[in-house]
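What follows is chain A paired twice: with chain B in the first complex and chain C in the second.
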Partner chain A sequence: MGFIPNKLSDLPAGAAFEGGHPTTHTGNWRIFKPVLNKDKCRNCLLCWIFCPEAVIKKGSDNVEITYDFCKGCGICANECPTKAIEMVKEG
Partner chain B sequence: MIKLQDITEEELLYGSLACAGCGGIIALRMALKVLGKNTVLVLPAGCLMATCGFFPQMAVNVPLVSTAFPSTPSTVSGLVAGLKVKGKEDITVLGVAGDGGTADIGLQALSGSVERGENFVYICYDNEAYMNTGGQRSSETPYGAWTTTTPVGRNKMWEDKPKKDLLRILAAHNIPYAARTSISHPREYMDSVRKAKETKGPAVIHVLAPCPSGWGTDTSKTVELARLAVETGIWEMAEYENGKYKVTKIIKNRKPVKEYIKAQGRYRHLPDEEIEKMQKQVDEYWKAMS
Partner chain C sequence: MGKREFINGNNAVAYGVKLARAEIVAAYPITPQTKIVEQISEFISNGEMNAEFIKVESEHTAMSACYAASCTGARTFTATSSQGLLYMFEMMQFTSGQRRPVVMANVNRAISPPWTIWLDHQDSISTRDAGWIQIYVESAQEALDTTIQCFKVAENKEVLTPVMICLDAFVLSHTEELVDIPEQAEIDRFLPPFEPDYKVDVNRPLTIAAGTAPNLYMEFRFTQQQGMLKAINLWKKADEEFGRLVGRSYGGVVENYKCSDADVILVTMGSLSSTAKDVVDSLREQGTRAGLAKLRLYRPFPEKEIFDALKSAKAIGVVDRSLSFGFEGSVFSDVKAALYNNNCCIPGVNFIVGLGGRDVTADDLKKMYDKLQYIQKNGKAEQTVEFIGLRWSE
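And then the complex of A and B:
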């Protein structure tokens, strides 16, 4: 979803332009990374709805975490009722 | 009540530059999930504008109008009138502003728009200070809180006034629908956004959206704190609909206020007797309400 422009000509021009246009991979702000334990996930979707960055995707049996825009805030791990998400230090 | 399983997967807010754990972004994302793509968003110069709409970045996937601080509801009124002339009345016009942009600077414009009875949805995400500029006090800053303009030093000049009651101000306008809700209760919040969308006429939602950097808390505690505010009785979830004020979430065994206060850096200076005073106020309020 969205794209990160590489060239100047990829940037939108003018005072009005199309939306859905992120410019920064905010994932590199992250210090702690959420890691999902698939066995514990009950697919209650609480992490999905509370994620500010919309990086958690719905799945059939469990959710899925993508990392391009994840800032590592830890709300998902804090809210998970089964403690299926663990925050692991990056690096 | 909305089920989480039924909510759309379509993301209309993606890749913002907000701080990690931002409550305002959660509030806007949930609202856009209910309102859908057929929405025009109006943002004043607040955190959301600074993190979602800085050229060339545009994190929202719906048309976004940037406006001056005091005039979000006026811009919303203009857009509603324009869309009416064009015959596009199925488009929802959504205004989103913080507590400063709503309860302080934008209050007269909001009052005017609500009084005129325009058909719009307005969300005030309340982080209890002007957080975009570093945390100055607003009229929604609660009693006892530290902000940069209510500093705590030798003179102990912490905020000494209670919060402005936005819901009752709106109720005094006899607004068709207004709600006070919290991001920690997504089903209730999204249900009120749906109700606001279906309401013919103005609908205003006041939602609690904690700010980790301004409140001095860990980024992972955003939702937990919003929930604690409801569970301790500090934040009352209520609705004003068809001329009736209704408490939507009655907490039977309220947690002690101390739990909420002690979890935040902005209350670190507060002595125990002040916390007891706050507890007493909360108890008295709920006694009067029941």
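And then the complex of A and C:
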């Protein structure tokens, strides 16, 4: 998911990165977290298509949600035809 | 021991670049620098130097080529002067921001108009904040030796910052003196091959000079500042090591010439320091405790070292060969800041001298020391910025 420095010594001398643009975590902006119920997931990929941050990964039986850049917008839960994604308040 | 030749400062820099085994040189000719790259070009065509000379159509392109060459991991050099340096300004920032250790010789020449080719420091001082290390030299010998030291400090993993070696137009660039040229083997012991931390490489693709948002830009600038500041101590170490291996060193970053017990001290940069040392000697013969602090490293500014040299003086004078219009000479501002940062307040005066190649004589320097003795007696300067050698002031 790109280069994510966490301390000063992670930075190279001059901005040079594999795979482009350096960034920082945006997942901590989230108030509600999408949680997948794998049993209900039919792997239809609607959430994968609609996720504006591309944080949902394809899998063989079901999708997988990654959280580094998920801002908790809830579009995936709204689009899911089987209600497999529940928005849970961050604790 | 190498050989001894009767050469000028430009030739001396070219020998330094050859001994440092620079691999890429990209440059555009400009007086009074041209002889440096002409000589390097000759070394390359003779087969004495294994390097690529890139001919370009402007200084902006020269610096772009050097930046890119350094990104490929090559040891890179260029030279320029005056208007040429100003034309490089944009790409100088790419080189320093991306932390590429390019070395450049700037033969200090005044800025036009009035149109001129003669000496002053307005060109390099105008690029002070471009993120380059700046070092000023006093002689052709020091120019040769310092050129080699430049690569050593620039390429240090903790520094990774480009360096500009500044030498005075004509007084150094075109004046012959006896110069000892070290053996290649001596320099090879001092300066190992450049091992870049990353480079342009098809097997490991990178985005170089990547964009950053406000969330990371400032951290990059902070690390750039840290790298630059480390150059102060590393330059002192490099100068000592050069002294051990080659037999010459230059007092680190500030040469302290009879400052320890001095009442009146001048601060100078460049070739003027030689005349000033003679003046110090003759004043001391007459019983005046005079001293000279020769500032070699201008950026990063060695504030502790300059404070140490000046701290026991009763009056100081800072000689600037350039002017920050609307205020004073920049070296004066910096020296005062260094004293302030060390809770030290010595009465001082700024001498603006030698703009556009006007000679600065031993008599001029003697008058400056007289002025300092006057300030020493009276405790403060009547006028903080004085133009020396001005034909008419009204």
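To be clear about the criterion, the second predicted complex is superposed on the first by the 75 of 91 C-alpha atoms of A that agree within 3 Å, B and C clash if a C-alpha of one lies under 4 Å from a C-alpha of the other, contacts with A are read in each partner's own complex, and residues count from 1 in each chain.
Here is the rule we use: contacts are C-beta pairs under 8 Å (C-beta built on N, C-alpha and C of every residue); 3 or more make two chains touch, one makes a residue touch a chain.
Bear in mind that the values here come from a model prediction, so they are computed numbers and not experimental data.
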Comparison of chain B and chain C by chain A residues contacted: B
Which of chain B and chain C A:74 touches, first, second, both or neither: first
Touching partner for A:88 - first (chain B), second (chain C), both, neither: neither
Which superposed partner A:35 touches (first chain B, second chain C, both, neither): neither
First (chain B), second (chain C), both or neither touched by A:18: both
Shared chain A surface residues [contacts with chain B and with chain C]: 5, 11-12, 17-24
Complex interface listing, chain A residues touching chain B: 1-2, 5, 11-12, 17-24, 26, 29, 44-46, 48-50, 52-54, 57-58, 69, 71-75, 77-79, 87
Complex contacts: residues of chain C adjacent to chain A: 97-100, 157, 160, 197-198, 204-213, 215-216, 219-220, 222-223, 227
Of chain B, residues touching chain A in the complex: 4-5, 7, 9, 11-23, 25-26, 29-30, 56-64, 183, 186, 212, 218-224
Chain A - residues contacting chain C, complex: 5, 8, 11-24
